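Okay, so subunit A shows up in both of these, paired with subunit B first and subunit C after.
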Partner chain A sequence: MNVVITPAMVGQVVISGILAGALYSLVALGLALIFGVMRVINIAHGPLLMLGAYTTFFLYDLFGLNPYLSIPVTMAALFVVGVVLQRTLVFRVVDAPELSSLLLTFGISIGLVNLAQLAFTSDLRAVEYLTGSFPLGPFAVSKPRLVAFVFAAGVTGLAFLFLQRSRVGKAIRATSQSREVAMVCGIDVGRIHMLTFGLATALAAAGGALIAVIVAIQPEMGQIWTFKSFLVIVLGGAGNYPGALLGGMLLGLIEQMASLFLTTQLSEVVAYVLLVVVLLVRPTGLLGGRQI
Partner chain B sequence: MTAKTLGAVVVATAVLFASLPVGAQGPIRVGASMSLTGTYAKLGNYQYEGYKLCAKQINDKGGLLGRKVEFVVYDDQSTPATAVRLYEKLITEDKVDAVMGPYSSPVSEASANVTEKYKKVMVMPLAATTSIFKKGRKYIFMVISPSEVYLEGLVDMAAKRGLKTIAIINEDTLFAKAAASGAADLAKKRGMEVVFQEGYPKGNQDFSAMLTKIKAANPDALAASTYFDDAVAITRQMKELNVNPKMYGVTVGGDLPEFYTLLKQNAEYITGATQWEAALPYPGNTDFAEAYKKEFGREPVYHSAAGYAGCTVWAEAVRRAGSLDTEKVREVLLKLEVKTAFGAFKVDADGFQTAHKMVTTQWQDGKKVIVWPDELATGKLRFPMPPWNQR
Partner chain C sequence: MFGTGYGVRAMLQIFMWIALAGSWNLISGLTGYVSFGHVAFFGAGAYTGAILVAKAGWPWLAAALAGGVGACAVALVIGYPCLRLKGPYFAIAMLGLNEVLRALVSYFEGLTGGGSGLSLPTLHATVPIYYAMAATAAGVTLLTYAIITSRFGLRLMTIREDELAAEAMGIDTARHKLYAFLISAVGPGIAGALAARDQGYIEPISVFPLAMTITMIVMVLFGGKGTVWGPVLGAVVLFVAQELVWARFPYVHQLLFGAIIVGVVLLMPRGVLGILQLRYRLPRTI
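So, the complex of A and B:
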């Protein structure tokens, strides 16, 4: 009952892996930013993505807004949520031991999921906007996943440009390299932390908006993205932004390849075994940590 | 006061107490841990509504053994470990008079350890895993058909139409795994070849590699043992990758109205399996569905009906036993043969359900039609499923 794997199948799966990888990169970049700048591991990253997905759904369902064109609206809304979270809660644990930040963001995560359950109920929702695929020679390229790839690449690219070129972006990177020196240079570190958390949340929201068109939306959809993003930034090097991109692509491809050559059941096992191997062999991640 | 008058007072007091209205003895408190939040929140709430309606109807008719029935419910957040703690609390601290089962096989499996320890009869309306009932436990009772027969309708219809090969996939959890292995056994028995079988982790969102392999295996039928969001994701990706079996069926999810709301016309031709439908000609079924709609403002699903029926069966057993005594209620339940709004109920010596029947449904022009078994069918199976790119 074994299926013979042909090159065409491998090609198909590579396409799927790259498409999935771009989304992983986008979402993980947010987590990497927060960790890089504040040394906070944000467990609530996935649930914030879930809020982004719901925002997209309601904009689509109530106002008929195109789920892709509403991405800036969703990102802006969640940017505000991120800033408020940082302002009210997260700033308290920035200098505390890492366990405190884990506990706090874990609490926020549980709170968000249960609030979503109360507010939106646990009914599954979907943005049934784009289905089917484009034929590409012998391959099929999923329409919603291809569009998600394009947008994910676009948003990630813009985020990079922002970090590299803009004054605020430079300030963010400076803070991430050394908070004391940044402060001495006159950077308002508190404000940078707020902006970073807002930006990271907006990136998660963009991911949520794109995922909303692909899978069903429910309050629990986010947690798995926290774990995947965590995997991605450890693979790529925690706090290293290009590392998050590489890690995302790698995870997408590894999962799909493992699923093709082994079984889908084992694809997660393979990803986590790889995580352990990377931690043993290169604890700073493939691209090394904190070099920006 | 003479001895004679004292005797009269005692008798009078006794008569007075005996004639007091329902509730004088205090209500019968039935404890249950329910998945009101977490992964199973949606279905757990449906089950809980079934319990609530059952209790309300018993109380409207004058109660059980002359006492009101009252549910004491805590939220287990869909986790077995929490449910274990809650049943301990219900039995030892709250000292409830009886218990009813939680939602889902994993939670029921864990909870059964507690109720067995305290020798409490527990009717478990939403436990579908055979193994739970094959571990020598004495006080648990099954209501719904076991996981293994969820895909029986699909396999039977495929075999009857001369299909030779089948691919079977499942979420890698207790229930879904059992449904898949049950389907594989049934298919082999019917002379079909299982050309592909694979599990996927819970929460998996990308099925492209798996579906690429299925496309290469080119099965006549595809049976997916799913919960809900995975059924939606698999269907969407089948369309993307143009995977075209002649028949395609899922287990849980395919029968829920939301399945069609989410997938729209892409849900056409897909079969789902269900334990119950409002349209089935069971005694009291229409009344149940109407009362449910009136009470909760939404249509019941099978989880609601199973919860309702489980509670009804338990109450019937208590009524026949004439007491809440564990051993007496157990004896009655073991021999009980009834038909409820949910269908037939009869268990073997292990408490394992032997009488209840599954039905298979198919989405046809936006309507859910019962296509299997023949004696309950409300329509004919649309076959074969047309290729995605020709719809």
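So, the complex of A and C:
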């Protein structure tokens, strides 16, 4: 392709990248929490996001609830789903080899997708609340994406405040640093695992609620988010929570940049090559170390 | 039942699953490195074979062998860097590989037909292909036996139990892992090329489905990973179960599959043969 790249195009790409990046950070923070605390890669993270999107859709469709106001409701509902999943299934594989947890969460994942197909059908749904874009200088800014950026940044900020300041948040960080020492300090690790899974699921749900306004909702919308979130936590450094923020922004920018030069299909390839290179060159992520 | 069209077709499928599950067992069952995208080699073989048949007019048997070579080449390029990754990172890198191959195949439309797929010239050779698939399944199983009873196999299992200790004992772990990985790609490559020839039409989503990787893993887990006959047992039992039971409930098919995965992981992580080995002191080479 012979495309002339103008500064305006680059600016547009940076804006889109940052707007998308905040959503990536929000969703990936959940995956990073589960991985950091339990060493489990939750393949069902994306499908849980899908459930969040459906919750927002039905609240909007049946009760006319503003999709942005529904975020706390959606988060609370999926928090419960997360706690139940951890309590019934996931806790059994916390100390098992990674194959067990990968397969188990994959099993949960296709179970959730199939249930969604049965319950909601595969029809595309949309929350037509906010559409179009507005001009900002020479750039066009998508309205739902800008609002999603603001809310994603807000929810992520609150989550960080919770992790930094609250007793439970400190206990979660302590558990992810060293489970044994956390136990010695009197932290009920089983309960922390449960809360972490619930919190992580709630973060995915918040992402789902915001995405519901942007793209079509269907049972298989979630899977891609699992892989993207994993990419984000690898970029930022697994178990490094501020790293998830940086990783999300980076992934957003890289994807948009790649789409400028390449087709969308190849931008996936770029993201993959990046994943492998980062894993090989800096397995601890770009921020390095485990600064939790 | 055998000799009829359905019988041959069902047995062809069973042999294919034995070859796939057995190959996954070679890398993941023996070294403990979880290949979470092993179907990538099936797809690579399918496309290599199909392109050679459709564009270069190769005979199907030669194309099938080339499919094995093609898959092996992909394994070399990917395995060299990725086998340095540990634990979940390797699993996810393999998962990504599968997505990337699918994207690449869709992109290079001139060669692969892109998303609209690739049709092969008509050929009525189900029975010869059936024998070739049976030979592939037998080959993978024999190879597994040969490896498990060899020093090479013992070294692979040492890596699985404790890679650091293996290195300390002087095993060139990187090289051993890579060899096991290359060997494990050949079977799926050949099986993919044969399946493509048999079906006469392939498209990216039909030869790179993640569910196929999961199916082979669950077959191995069910039968017993790291054993010779576990993948065979798992492939036969789960395939027959699928034909008999799951096909009758199309709407909850995926849900049942998910439940079986969860059940196998939680209730019998050692598999049937693993449990029998533990209880009755059966030989390691079963």
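Convention: the second predicted complex is superposed on the first by the 287 of 292 C-alpha atoms of A that agree within 3 Å, B and C clash if a C-alpha of one lies under 4 Å from a C-alpha of the other, contacts with A are read in each partner's own complex, and residues count from 1 in each chain.
Here is the rule we use: a contact is a pair of C-beta atoms (placed from the backbone, for glycine too) under 8 Å apart; a residue touches a chain by one contact, two chains touch by 3 or more.
Everything numeric here is computed off the predicted structure, so don't read it as measured data.
Superposition of the two structures on subunit A shows subunit C clashing with subunit B. By the touch criterion defined above, A:Y272 reaches subunit C but does not reach subunit B. Shared-chain residue A:A216: touches subunit B; no touch with subunit C. Of the two partner chains, both subunit B and subunit C are touched by A:T263.
When both complexes are overlaid on chain A, the residue A:G107 reaches subunit C alone and has no touch with subunit B. Residue contacts after overlaying the shared chain place A:A140 against subunit B, while subunit C stays out of touching range.
Applying the stated touch rule to the two superposed structures, the overlap between the subunit B and subunit C interfaces on subunit A comprises residues 114, 117, 263, 265, 268.
The residues of subunit A lying in touch with subunit B in their complex are 1, 3-6, 9, 12-13, 16, 20, 114, 117, 121-126, 128, 131-133, 140, 142-143, 145, 211, 214-216, 218, 220-221, 224, 255-257, 259-260, 263-265, 267-268.
Residues 28, 32, 34, 36, 81-82, 84-85, 87-89, 91-93, 95-97, 99-100, 103-104, 106-107, 211, 214, 217-218, 221, 251-255, 257-262, 264-266, 269 of subunit C are the ones that touch subunit A when the two sit in their complex. The touching residues of subunit B, counted against subunit A in their complex, run 37-39, 41-42, 45, 172, 193-201, 203-210, 212-213, 216-217, 228-229, 232-233, 236-237, 239-242, 258, 261-264, 266, 388. Residues 35, 39, 41, 89, 92-93, 96-100, 102-104, 106-111, 113-115, 117-118, 227, 230, 234, 263, 265-266, 268-269, 272, 275-276, 279-280, 283 of subunit A touch subunit C in their complex.
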